[in-house]
Amino acid sequence: MVVALVGASGKLGSVVSSLLKRQHLIFPVDLKNAEYRSLNDIPYEYDIIIDVSCPQQSVFSVQNAVENKIPIVIACTGHSEEQLKLIKKCAEEIPVFLAYNMAVGAEVFKEASVFIAERFSSDVHIHEQHHKFKKDAPSGTAVELKRELEKTKNDVSTSSARGGDVVGTHEVSFYGQDELIKLTHIAENREVFARGICKVAEYVRCQRPGFYTMADFVDNFTVKTR
Amino acid sequence: MVVALVGASGKLGSVVSSLLKRQHLIFPVDLKNAEYRSLNDIPYEYDIIIDVSCPQQSVFSVQNAVENKIPIVIACTGHSEEQLKLIKKCAEEIPVFLAYNMAVGAEVFKEASVFIAERFSSDVHIHEQHHKFKKDAPSGTAVELKRELEKTKNDVSTSSARGGDVVGTHEVSFYGQDELIKLTHIAENREVFARGICKVAEYVRCQRPGFYTMADFVDNFTVKTR
Amino acid sequence: MVVALVGASGKLGSVVSSLLKRQHLIFPVDLKNAEYRSLNDIPYEYDIIIDVSCPQQSVFSVQNAVENKIPIVIACTGHSEEQLKLIKKCAEEIPVFLAYNMAVGAEVFKEASVFIAERFSSDVHIHEQHHKFKKDAPSGTAVELKRELEKTKNDVSTSSARGGDVVGTHEVSFYGQDELIKLTHIAENREVFARGICKVAEYVRCQRPGFYTMADFVDNFTVKTR
Amino acid sequence: MVVALVGASGKLGSVVSSLLKRQHLIFPVDLKNAEYRSLNDIPYEYDIIIDVSCPQQSVFSVQNAVENKIPIVIACTGHSEEQLKLIKKCAEEIPVFLAYNMAVGAEVFKEASVFIAERFSSDVHIHEQHHKFKKDAPSGTAVELKRELEKTKNDVSTSSARGGDVVGTHEVSFYGQDELIKLTHIAENREVFARGICKVAEYVRCQRPGFYTMADFVDNFTVKTR
């Protein structure tokens, strides 16, 4: 793959960059500290855009992707309704992958939680743990998981612990009658997010135009190719 | 329900009996210590047979069920190929439910494990814990789980711990790259097995003739009625 | 042992009663539903009083113990300052054991938590889980544990989950730099509390006059007799 | 500190090196790929030797430490009886710290396990988990822990899981009657070992001559300075 990586000098961007470099050609793009300041500055062709910058920037990237008729992976959160609408419009012409939590296992964990909730009569509690510098609680993943689980269960409660340098641990307890099921996801280090981005990039490259999320990747790709 | 309970004075039988009695009429059957020594001794009609005795005995029970055109729940393990064949033959005429692990959560746990294995690239290990008097290791549930998981994964390893009065804890670890998923099922007490039998009895009563297992109960019943 | 059991027909009292009966002679005392309505009604001698009733009642029991020069185990919570003072005064003449959490393992768990906190540089979080009918949160044990740990650590946080029929699970996480230690105590059923009371009764019987708690039992008795 | 780091270009050595460099002056020593090939080549004075090479090499290092009257930290495993005897002889003249598992938390974990075993009547099982490339099982830490626990408990069993890139997780389960205690130590990354070495180096620098281990560090240093 020849990749244009937007947001290449950010925290996540630099890990993605160093992972991709081992096998692929990259054009790093960033307002500062990168080889190119914008996608338009790249004088060569690229196969795919990976954008790990910010919502505003990602809108320009997706328009560039449409112009070049190439796929794009957007890996940042916090798009406005309007930005999302625009992105989905673009997805009619090219493959667009929008990912909030890049760890493949986190998506599997979420889907398995829903699977259990649908089948097991129980009270449900989500307990999440992160490093002490994480200010918001519960985590975005816990909030999203709660919303998903409440489609099946009434009143899913959550709790949070902050301490040390925990990358991210999420635990769902299903308290049944005389038995319980517990499902845990542990991110061991921050590389896992970068690695997820690289995996979905290879996946989305081969797709038809459309709007894709982690659920598509997990359900269609991993199940079929196992 | 009016239930003929075969094996009523066994360890499991007596718990099932006391649970059922709260809401249903029971005719307890056992070679000793029960009101009736055989199904043929019961001078009344019954709606369903629950057999918690042994493979040999269950063959007689299923034949009695066919004669009376009523459903049967068989909750014992260790049937020979031939016995199984006979039971399945009977299932053409009446609903037959054959259950190995009666805890509903244990079935959900097993299915969720397979769900994760199919989607998450990882090494898999099963660790099971039981009370110190359990002689066989790994447990029957762990063996069956391993067989199921090996349809997707190479070489699923297992380990066992024996101690105290642990009813039954099964833990599947999916070790991925930079992240891991862990799924745990804990049986808190032995009533959970009796409770499962009572639940499936109510389920199978309303089914057409056929051969049913815990998977049918979990997938069709609980998902639809949640 | 010949035991006068005050509060014999309460929830905890009846479990203690049925455990003790297997090996000891008991005189059950309670305002209703028991053989005797007060200690004074017992026309025989007894070796020890076990009081599982309530703070007010336990004051009468301890006075009776002083009169008879026999040891007493008090296993109820919520004594006023004044009541405690009186109880400790009595302990100058007879052995008095006052226990809040009767599970021996819960005391060991608490002491081991303090042991770790004193040695391991870390942030600390207590997560406790109980059945859905438990109204107060965090649990009394978690509150006491927090108080103990805060002698060593700043700002120990807590969280609570309520669901199913969980008897009581307490988990302390010590988040260090690049490593973490987790200590968990699980009460598997309610008998554990009754069993603890019986054990401390046998212990306190052989002690000199004085005021004893679970810590004395765990540190002096179990360590020496292992 | 001015440190002579022997084994500086090994796997562990290079992590120790990069950690120390942030605050201290280092002279890296190694047979290849280092600034100096032996301690004797260093033309400057140093305050302490840290040896992360191998048993044979560490014998030379400890002799050099004696000559220079400076403390030494030896962080490699597998010394012969004879080598150990020599090292302990040297410890009469200088402070010698010999450490097998460098993670401070792992030592606290071990001591807390013994603390619980001494107080809690239970069956004990050790379950350890490591990455799939670890060939030996059970781990050295599990073997040592088993030996320590068997001073108190009969027959401590162990089990092992290998998978993914798990750095090292050790779990001790104490199965009591109606309750259980579980203690877990998780090494989140390999830096934890290097960090432990740096901490003990600062500790041992201020000690009198003598033979020190992780237990001394944990019990004397952390408890007093908390």
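Per-chain residue numbering starts at 1, and chain names A, B, C and D are given in the order in which the chains are listed.
In this section, a residue touches a chain if its C-beta (ideal position, glycine included) is under 8 Å from a C-beta of that chain, and two chains touch if they have at least 3 such contacts.
Just so we're clear, the structure is a prediction, and the values are computed from it rather than from any experiment.
Novice: If you take the mean of the Cα atoms for each chain, which one ends up farthest from chain A?
Specialist: So the farthest one, by centre of C-alpha atoms, is C.
Novice: Identify the chain pair with more contacting C-beta pairs: B-C or C-D.
Specialist: Higher C-beta contact count between the two pairs: C-D.
Novice: Could you put a whole-Å number on the gap between the CA centroids of chain C and chain D?
Specialist: About 39 Å, centre to centre.
Novice: Can you list the chain A residues in contact with two or more other chains?
Specialist: In chain A, 122, 165-166, 176-178, 180, 188-189 touch at least two other chains.
Novice: In their complex, what parts of chain D are in touch with chain A?
Specialist: 165-167, 188-189
Novice: In their complex, what parts of chain D are in touch with chain B?
Specialist: 122-125, 127, 129, 132, 157, 159-166, 173, 175-178, 180
Novice: Hey, which residues of chain D end up touching chain C in the complex?
Specialist: The contact residues of chain D facing chain C are 103-106, 108-109, 111-112, 115-116, 118-122, 152, 174, 176-189, 191-192, 195, 218-219, 222-223, 226.
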